[in-house]
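Every chain is named by a letter (A, B, C and D) in the order it is written, and numbering of its residues begins at 1.
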Amino acid sequence: MDFLFRSEAIQPLSLDAFLTEIRQDLLAGFQPLAFFGTSEKLIYCLLGKAQELHLRCTPFPEPSRYPSLSMEFPAFHIFERELYEEYGILPINHPWLKSVRHPVGSKPAIEDYPFLESDSALIHEVGVGPVHAGVIEPGHFRFLMRGEIVEHLEIQLGWQHRGILSMFCQGALTDKMLCVEAIAGDTVIGHGTAFCRIVEELSGCKTQAEDLRVILLELERVAMHLSTLSALAGDVAYIMGQNLFAALRTIVINSTLSICGSRFGKRALWPGGVNYGLKAAVIKKLKTEMQYCIEQIHDVAEAMFATSSLISRFDDTGKVIANDALQFGFTGITAKACGIPIDARLDFPMWQYPGFLVQTESSGDVYARAHLRYLECMQSLQIILNLLENADPSAPCQSQVNELQADQIAVSIVEGARGRIVHVAKSKDAQKAMWYKVIDPSSQNWLALSMAVQQEQVSDFPLCNKSFDLSYCGSDL
Amino acid sequence: MSIGFIVLLLAFIPTLWKRSGYYVILWLLGSAFLAYEYMEVLFSRSIVDYIFSMPMPVGDVGIALNKLSAFFGVIFSLGLPLGMLYGHYYLKEHPTPALRSHLVWLGIMGISMHGVLWMRHSLIFLMVWELMSLSSFFCIVFSKRENLEAGLNYLITMQIGAAFLLAGFAIAYLQSGTFDFSGFEQMKPLPMYLILIGFAFKAGVFPVASWLPQAHPAAPSHVSGIMSSMLIKTGFYGILLIISLNRFSLSEIAVFTLIFSISAFWAVSHLLNERNLKRALAYSSVENIGIAGMAVCAGLLGIHANLPVMTMLGFCGAFLHIFFHSIFKAQLFYTSGNILLSTGTLDIDEMGALAKRMPYTGAMTLIGIFAISALPLTNGFFSEFTIFRAAMEAMQIPSIKHLLPALLILVALAFIGALALIAFIRIYAVAFLGAPRSQKAENAKELKIGARLSVFFLSVAILLTGIVPGIALRFIKPLLRWFDLDMQIYAGLQQQATQISSVYLIIIAMFALFFVVRRLCVKEKTGTTWACAYPKVKPKMQSSSMTYIQPLAYFLKPFMYKTTTRVKAEHPFPQKIEYNEEHPDAVWNLVVRPVSRIISNFLLLFAGIHNGKTNSYIAWALGFLVILLVWVVGFR
Amino acid sequence: MINALCVIFLPLLFMGLISKVKAIMVGRKGKPILQSSWDFWKLLRKDEIYSNHATQISRFAPLLALAVTFVAAMFVPFLSNNTLLSFRGDYILIVYLLSLAKGIMALAAMDSGSSFQGMGTSRELSFTAFLEPAFFLVVAALIFSSGAGSTAESFAQQSIFHSSIWATLAAASLAIALFIMLLVESSRVPFDDPATHLELTMIHEVMILDFSGFNLAVIHYTAALKMFIYASLISRLILPPQIAVWWYLALMLAIYVLVGVLESLMARFRMNRNLELVLLPLCIALLSLAMRLARYMGAW
Amino acid sequence: MFNLLKARIRHGYQAIPDPLTVSMDPAFPGVPELAESADLQLLNDLCPAKAFSEKGIDLGRCVFCGLCERKHPDMINFTPNNKLATDSREKLIMAPGQKVLPKIEFRLPRSMRRSFALRNVSAGGCNACEMELAASNNVNFDICRYGVEIVASPRHADALILTGPISKNMSSALSETWQAIPEPKYLILCGACAISGGICTGADAIDRAFLKHWEACLFIPGCPAHPLSIVHGITAIMGRQ
């Protein structure tokens, strides 16, 4: 399938045509992958279905308002809010038109965010964050509580906003690897590969060492899942699981380190290939360690999911229903855990995953998400082992990156540990990008959390939160 | 006696010029005389006993004091003037058009409360009793239309109670042939139960206690204070009177225990949910009467199982609890009155941060709260300690049939005690601590010294009798002897009181030590409350009074009758979320209200009689009594 | 005297023990045993910061709580059976002293007007509702027909080593009831998680979220002391009256180790289930009382 | 149960015996060695983080991306030495030819040397440093063995350990947290972003005014800082080496 669009192939449509075509696609089962405004005063909309991508655009409406899509297709709510925040284009009767990341100079200021309030005396509010009790990123959760029961949760993000995207258009796009690595330090490879693919598409150069990229990507996935499982066990004070999984994660990320020198896979990737190839010794080491991980993870997980006191906490907690997941366009674990088999590795494969099957769970609660992470760990480790079998230390690891072809739009879609990562970019000239757009899976999935905890015990919130394990900086950018 | 009552009657004169100041002074004076009299009776052998011969059918009217009535008399003669004193300042802050009539009725109420204690002749007793109910009714109404319903409900309930009493007395008379209380020894069950029920109405025992939570919030604070701390005790006095004259079978005792424990539990389960300060206090009165009742039951149990220790401890606990309750309950009602004056609300969810706005009241209330939840260092603890010991003594009883009621007392007491603690901690925390929850609380001010005076006296009394419970013990000693209980055991209890005081001294010493050390080595400064560093924190971000007991409420659901209204969040983008719940008194809503509605509708026809003219009130009362008399004569 | 000494020094030591056990269970080095003592020492030397809503209550509450708990400890038999203070029915005083400590700390927690502390307070207090009756029932079962009057007697004079299996069972069940109460009162897994770092799930930890420096140290110490009291009651109940000191110490050690092991093998309960499980000691105590009663009525 | 037992046995004793002397994987980029002959201007033009100056390489800016090492192995070489932490900003600048960083002189007051409570604030960090900080207290690195604890409430803390370049939106929350820590208190900067702004330097959504008012007592470079570097730095100021 084709991830590169010549900009003359995408003529701006009239607003009505634009909206109607989007409607048709959505009704035909497409998923909205991206919907954003750009510096060239165009609104782009990227829709995707298995093996198929549609990119459409329309000039900014005059006056800057248009009928909101969110009422019909809720998945758009976050995109439209973003569009409104960045370019002041008002989606008419949008149900929840509030700030997304409070960029510099935007109103309201972050401390004046208009939370939903209740005037009945017996409903009180609890605000958690931005500085959380644990060692995690900042975000603010505002609960409307009926006693210990959560009536409503509103999530306010943007504390992490540091304007990463603005840097992509200054200077040569090829040098922006470090900015990409700074999007989300725990999804370096996910975003990194997406970025590299963009550059490679735009410059039309060949990719070397794809296998190694896959290995790194899967290692990252395993590491993230393990740290989540560890944290989940910790939240219910099951310190056995907590520590054993933590130890396993250390092994995994240390093997990433032995490949590229960073536990998070920073400095590993570069457009055209990878910076550090696989040394024979490393391959050997990896094989044994992955084997160990497979056995150990299996035993720990089986033991953990057989602990009744723990299951009683996981079961039926923080449910997300499949229908909501479809409607609101959740991706990654969140969607798969309620039985929706969407996975970019299958739907939009940028390289081959021989014999890949999407793992799913049906119940959509914390248990489902936790158990799914366990399954995916095993699957990814298997993939890694297979790739290691026929890994060749002498293979070339980087190819020369030639200049970008001007006026082209490239899309890259990668299944990161948290779900579908979408990067879209347009080249301006041989060096620069005109605009660069990043859609982290978290930005859609955050809503799932607030839906999951409604009518739950507030004391179960940290558990639910961890089970989604969403990124703050990824969606704040 | 004469002097005391004459002075009290004199007290009516200043009311003509609405000079409540002199009124209070006279009350202090009169009460002093009476107090002296009661003390005489209580501590010396001297017995006051007057016999007035009256024409038949009344016969000889005994006006006398025994140790029991003297004991209550002391409480009244100490408590009433304080109440009047508080009332004086309360009325200053909270003026009423009909000050004169209010003072008059207040006076009548006080005098008749004393009178009840003196009367030995059941009919006359009943008349004074009626006078008491009637006057207290007018005190409650306080010439305010909105109070009328609560007042009328109270009056009706009292009339029903009186009817029971009347029937009981009448039957007793038919059986014993005398109106004098001396004829009530070894009564037949029927009249005894009728009379007990009649008294129960006044004492505030479930299921006939529904008037308290209605009347107390409505009444002006000094009245509710007086009523809840003293007036309802007249009912308990009656019960004790009957009990002192009769012996009971084990099954009867068991039933009493059950009733009292249920009563206390009912009250405390409402107390947990109540948001209206004064209503909460009213419920806690019911709870405390229940506890005292359980103590009495323990005593009776002891008699029955001839365990003198248990008997002694049981009765001792009962008297102590009555005594102490009349102190701290009055104190709490007066403080809540002050809170009402300065905030204009009784809903604790509208208060908050009062301890910072009114530091004095905050401290005093803390003392009261500790006393009422029976925490050490306050007097409430010692009485419950005694009752617990009484129940524990039962563990020595060989027979299971004695053990079970004792166990019931033990567990009920512990459970209710714990719940009461939780409830009052909740009230104090929500009303006095944290951030102000409303504008009213925001600009609350401390009151003038006058309104705090009697609160101060009562608080001192709480701490004094709390830290040195020996005093209180010495005070009830003659009473115990009168119930001819074992005095060695009393001595043992005295000794324990001193032991406990010494323990308190250790605590205080240690605390002082720590305090000094901390003072020496700590630099402190203030900052914002840690709320995860969110820039703008609102008062709404603190747990409401309902949140606070939610874990328990979840557990006690079956015992809690509530009505809720709710707007649920339709996810994920709700526009409006609401939740409210009421905890009405089930007995009241499902039984009493329908009945009393009818009666009060009927009585409303007479609302005109409340015209603020003193003489017409008196005329009304007298007329009522005459009718009553004729009615009774009908029996012969 | 010897009691006073071990009251002063042992509690924090034993607290350190638990975390050591947990560390060993999961194969890490973990905090040194003396850690809680070091923390205590450090906190004493730090300044204090109070919320600007806070009244005097939060300033003196921890001190009062400590004083009260300390005095309560004076009634409890530790190393030696003859306690500093003791009189007939002093267990009532103990219970109420402890609930005084709890009450004043609850007020102190609510003092700062933060939503978390409200949550913690309500959770912690709701336990008391069932623990107090439970404790009284335990004592009742102990002194049933034994005539023992004071805590020291009723706990120290007893032991679970009886001729008849049923008596042993009754006593043992009491020990179990007390152990559960220990877990609840000192906020351990499965009822609470002392190690958690999440305001919304904490119970005891969240109540002290706003305390610092000296008072925080005092609070930690008080908590440790309370746990120590319960543990020592249990071991005194299990052991026969005249017994070598090192037996007692060994048993105490065992109790704390047991707590540690439990914490590393078990997940904590869901918050709204907690209360139901707090009823457990109450029921067990009732059961044991019934057994003793039956025995007294001559069932065997 | 059987599984758990098996896993537990296989897990064994995972804690690193002594984090202060353990040797690193050779792939790890630690303390760089700058050749005397290095052309700093050239390197600086190459460096995405602009870490080079005429004085040498500034570890506070360096993100250890290894670009310079790959392009000019002759000029610079990153040794697998994790002892990167120092107690002053100046000491972070390594002159050509310098082999190791100067020792850490700063010491905490005596009472904190056995018990040290940290409160982390992540202000715009990318979550890598946060995870590494959390990892330094996990079963492997196990920093709590030195009495270091990461606490929930700043009221209980002795030091604030800052990660991230301080986004505008977090700046007020950061200073509020700092205010909430009782004296005596210390500030620790963890990671290139926190020390110098790192990759985000000069972005308009960044506000580093906080660091103008408060002086940090420990700087832990790295992108992200490796747990062992964190352990080394903190134990050093606790005087445990």
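Heads up, the rule we're going with is that a residue touches a chain if its C-beta (ideal position, glycine included) is under 8 Å from a C-beta of that chain, and two chains touch if they have at least 3 such contacts.
Everything numeric in this text was worked out from a predicted model, so none of it was measured.
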Most distant chain from chain A, judged by the mean position of its C-alpha atoms: B
Chain occupying the most central position, where position means C-alpha average: C
Contact-richer chain pair (by C-beta pairs counted) among B-D and A-B: A-B
Distance from the mean Cα position of chain D to that of chain B, given in whole angstrom: 66
Cα-centroid distance, chain A relative to chain B, in whole angstrom: 65
Cα-centroid distance, chain A relative to chain C, in whole angstrom: 47
Length of the line joining the C-alpha centres of chain B and chain C, rounded to whole Å: 36
Chain A, residues touching no fewer than two other chains: 110-111, 124-128, 130-131, 133-134, 148, 240, 243-244, 247
Numbers and ranges of chain C residues touching at least 2 other chains: 26-28, 45, 47-49, 115, 119, 197-199, 209-210, 213, 271-272
Junction residues of chain B - those touching two or more other chains: 523, 527-528, 530-535, 541-543, 547, 550-551, 554
Graph class of chain-chain contacts, one of line, ring, star, complete, other: complete
Chain A-facing residues of chain B, complex: 347, 349-350, 531-538, 540-544, 546-547, 550-551, 553-554, 568-569, 571-574, 576-581
Touching residues (chain side chain A, partner chain C) in the complex: 124-128, 133-134, 148, 233, 235-240, 242-244, 247, 307, 309-310, 312-313, 457-462
In the complex, chain B residues that touch chain D: 523, 527-528, 530, 533-535
Of chain D, residues touching chain B in the complex: 121, 153-155, 172-174, 176-177, 179-180, 183
Of chain A, residues touching chain B in the complex: 77, 95-96, 110-112, 116-133, 140, 144-148, 151-152, 328, 447, 450-451, 454
